[in-house]
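I'd like to ask you about the structure that follows.
Going in written order, the chains are labelled A, B and C, and every chain counts its residues from 1.
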Amino acid sequence: MSVEVTEQPPPASESGSDAPMLEIRNMTKTFGSVISLSDISTTVRAGKVTCVLGDNGAGKSTFIKILAGVHQPTKGELFMDGKPVLFHEPRDALDVGIATVYQDLAMVPLMAIWRNFFLGSEPRKGFWPLKRFDKEKAKKITREEMRDMGIDIRDPDQPVGTLSGGERQCVAIARAVHFGARLLILDEPTSALGVKQSGVVLKYILQARDKGLGVIFITHNPHHAYPVGDRFLLLKRGKSLGDFDKSDISLTELTGMMAGGAELEQLAHELEQEGDTETSAIGHEIAADIGTGTTS
Amino acid sequence: MTTTLERPPAQPQPDERVARVSLARRLLVKPEFGALVGVIVIFVFFSFESDVFRSMEGAANWLDGASTVGLMAIPISLLMIGGHFDLSAGVQVGTAGLATGIMTTYWGLNVYASMVVSLCLLLFIGFINGFLVTRTGLPSFIITLGMFLALQGINLGVTKQVTNTVQVSNLNLVPGYQALKDIFGSQISIGGHKFQIAILWWIIFTIIGSWLLTQTRFGNWIFASGGDPNASKNVGVPTSRTTITLFMLTSAMAWFVGNTQIIRFSTIQAQVGIGQELIYIVAAVIGGCLLTGGYGSVIGASLGALIFGMTQSGIVYANWNSDWFKTFVGAMLLLAVLANQFVRRLATQGRR
Amino acid sequence: MTSAPFRSIASRLRWGVPIVAAAVVASACSSANSVNVQHNKSGGGAGGYHYKIAMVTHGGAGDSFWSIVKAGGVQAGKDMGDDFTYQSNGDPTQQSQLIDAAVNQKPDGLIVSMANPEALKAAIQRAVAAGIPVVTINSGQAQSKAYGALSHFGSDETVAGQAVGTGLKQAGVKSVICVVQEAGNVALEQRCAGVKSTLGGTVTNLQVDNNNLPGAQSLIQAKLQADKSVDGVVTLGAQVASVAEAAIAGANSTAKLATFDLNADVAKAVQDGKILFAVDQQPYLQGYIAVVMLTQYKANLNVLGGGLPVLTGPNLITKANAAAVLKLAAAGTR
């Protein structure tokens, strides 16, 4: 499935700046004798989406953890706005405006939505030693943000665990955006979602982008990545297959590089040879996808 | 054939829907509620069996028993919500009282200074517990079990070494004792009946503990550290600092209870507190705290302690055979926990 | 995992150190505070027997009674110049294993207390078969000779109970609560049974926990409030006696209190008239005499008792002799 998008004109702020918001140069990470990432480079600009694509084992989660401050790169450098940076712990990354939305969502299922929303950044009022968690403010803001997202909550105190997968993702994204993230990193947000919910999430990615945030969108699904991405970094077994601008690559080329075009061609050929019509029809489709490069 | 993606319009419906959840439902779901039901049931039950139980004298008696468990149940419930156990909590009560007693009556230190030093000692023990748990990543059950055994031996060994007996006595003979007795060990008269002052302290600390848990940022961190420590760390919650603080709070309360005991009775023996640590945990569980952490209530834990105190005294007032005492207590506690679970399940059914 | 959280806690704790130091310095280490005398090991006699004597009892680790027995044994070891060791475990199986372990070390003498004689029979007979002289103390008087022990030093619990019952009867007591602080302890149950046999009134047992004395006080107080006809309380351990005293006062009861076993607080209370009397089986003496007898047996084949148990009690502490005993009790030898 693919979603077509009418392109919005690029926001004015982006065109003049020369230094990208985040630049990753020759990043390598080894754990003992295992080389998780090898010589990876890419950039992220404000108001643009950089997609990091790769199958399982490509090194995507290590990549995010380094950007989020959980690990430090063995070799290579990170630059924010042209200046070199090094994150020792998640707090450091948060402080410069990098917000990460993890696959497991970094949400505590038993806690209420409003508690999760402000976790780690709780608003306070009052004087020491009686500084209180400003619960009224927290609930109010949470309710507003949820309403803006079109999520119906009957009870503001309901635990996050009672929301559906897509709703939880949106809460997480809204949280990151609300707290003034400059750069949003999304770790496989659509992987566990159905078609409709994936569409909702992709919409929000675009909204975040339109607000001027930089977005890194990690996924293994090129059909989700292509409509929203401006830049594509492909990872395969820790190495970079290339860092492409959207104008330089098509969806089918992207898919082909990810899947290993040769294997798909062979599969299509085999299926076409099958006796029954249904299977060979599938083979035709795959051949069409990779062979002629049509857009549906 | 293009679909434009637009920001969905703001929907006014959620506002009206919020009011739909009835007050009754919201109350039932609170972790304390099941414990409150248990308190009422047990009170009614034993009141039928004995009129002394429901008299003021009786109340003073079971409140006294409840406060001993209740004071410690407060930090233990906070710690459990934060995802950890402290099996050395009972024995630390002994360490605190013995330390103050020995420093004053055998080494001649001023009694207030002894109390300050023993507080520092207990905070240090709490720090060690928390440090080991966060550093090694081993289950707190194991670490504090080790501490429990170590302190058990230390309490006895040091006492024997210094006093040649197994207790420390005669605190009432030191200068400054009377003022301390008034604060920690005296009785307040209500309607002509005497209530131990520890009961008042228990109520005060319950309020403070509950406020800390539900109204502060630190409380949010407690819920988060217990509910999902990895998620919490990833969003910047200082989980190690939270855990260590919770262990130190437990030790600080052990200091309070231990000193209260030696001041009230003017004597304390070396084996105090052993076996009590499980009772504190039971009180917290009755009060709605999940053993796995992330959910619970301080008020609930205090109600759980109240159930324990009422059960203990109630069995005696009802003149049941004393040999079966432990069986009765165990059965009542099981019933209380089941009742709590039943009520909570009733309330959460039918929700999405 | 960084050390940042620890640094932040340590920096907060740094405030505590000067405060504590100031508190300690500011307060005078005055002699007015040290109301108890520190007890270091006292000097011993010059005996040079050098025998290895092992004692294995069923006492709990923090039990005040058994700590006095041990003190007696330790002192006798010093006085005789013997090498004295003490082990204990309340569980009969584990006590039996401790006896075997002691026997493996080939001592010159073995002292055992038999709360559950059947469970210890095999281990004791193994000791006797290995040629080790065995003496029993405190419990198991009836089976002592049959198992091959040379002597028994102790006090018959039932006899002691009967003495208490008689004493209370003379004081006009009709209804008694017998407070059992250690559930399932045979000796304690025998004491209560003894009281019942001579009191001529009602005796109800009440279970409390020796490790939770405040709780024990609540329970005793509750019982007194629940049953106003109770006019006597018997406690089976010295530590519980003090607590019972407070419970009686708290319940505004006029019940009379008597106890087994002794410590400084009990002696003082007897002196003040708060406790009617205390029954002392002289645990220090049990420990002491056992070691002395074994030493003399090895040296001179002496045996005490003439085949009958040697009784160390019941010994009544009343108002008349409490004062003299008080100082000794404070030293941990009575």
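One rule holds in what follows: contacts are C-beta pairs under 8 Å (C-beta built on N, C-alpha and C of every residue); 3 or more make two chains touch, one makes a residue touch a chain.
In this text, all values refer to a predicted model and were calculated from it rather than measured experimentally.
The chain with its CA mean position farthest from that of subunit B is A. Taking B-C and A-B together, the pair of chains sharing more C-beta contacts is B-C. A straight line joining the Cα centres of subunit A and subunit C is 71 Å long.
With centres taken as mean Cα positions, subunit C sits 32 Å from subunit B. With centres defined as mean CA coordinates, subunit B is found 44 Å away from subunit A. Listed in rising order, the residues of subunit B touching subunit A in the complex are 1-5, 7-15, 17-18, 20-21, 26, 215-217, 219-220, 223-224, 227-228, 230-237, 290, 294-295, 351-352. Across the interface of their complex, subunit C is touched by residues 50, 52, 57-58, 61-62, 64-65, 68, 104-113, 116-117, 120, 123, 127, 131, 134-135, 152, 155-156, 160, 162-170, 173-175, 194, 238, 240-241, 244-245, 261, 264-265, 267, 269-276, 309, 312-313, 316-319, 322-323, 325-326 of subunit B. On subunit C, the positions that touch subunit B within their shared complex are 1, 5-6, 8-9, 13, 16, 19-20, 23-24, 26-39, 60-64, 67-68, 71, 180, 183, 204-207, 209-215, 218-219, 221-223, 225-227, 239, 242-243, 246, 250-251, 263-265, 331-332.
The residues of subunit A lying in touch with subunit B in their complex are 3-6, 68, 70, 90-91, 94, 100, 102, 104-111, 115, 118-122, 124, 131-133, 135, 143, 146-158, 162, 202-203, 206-207.
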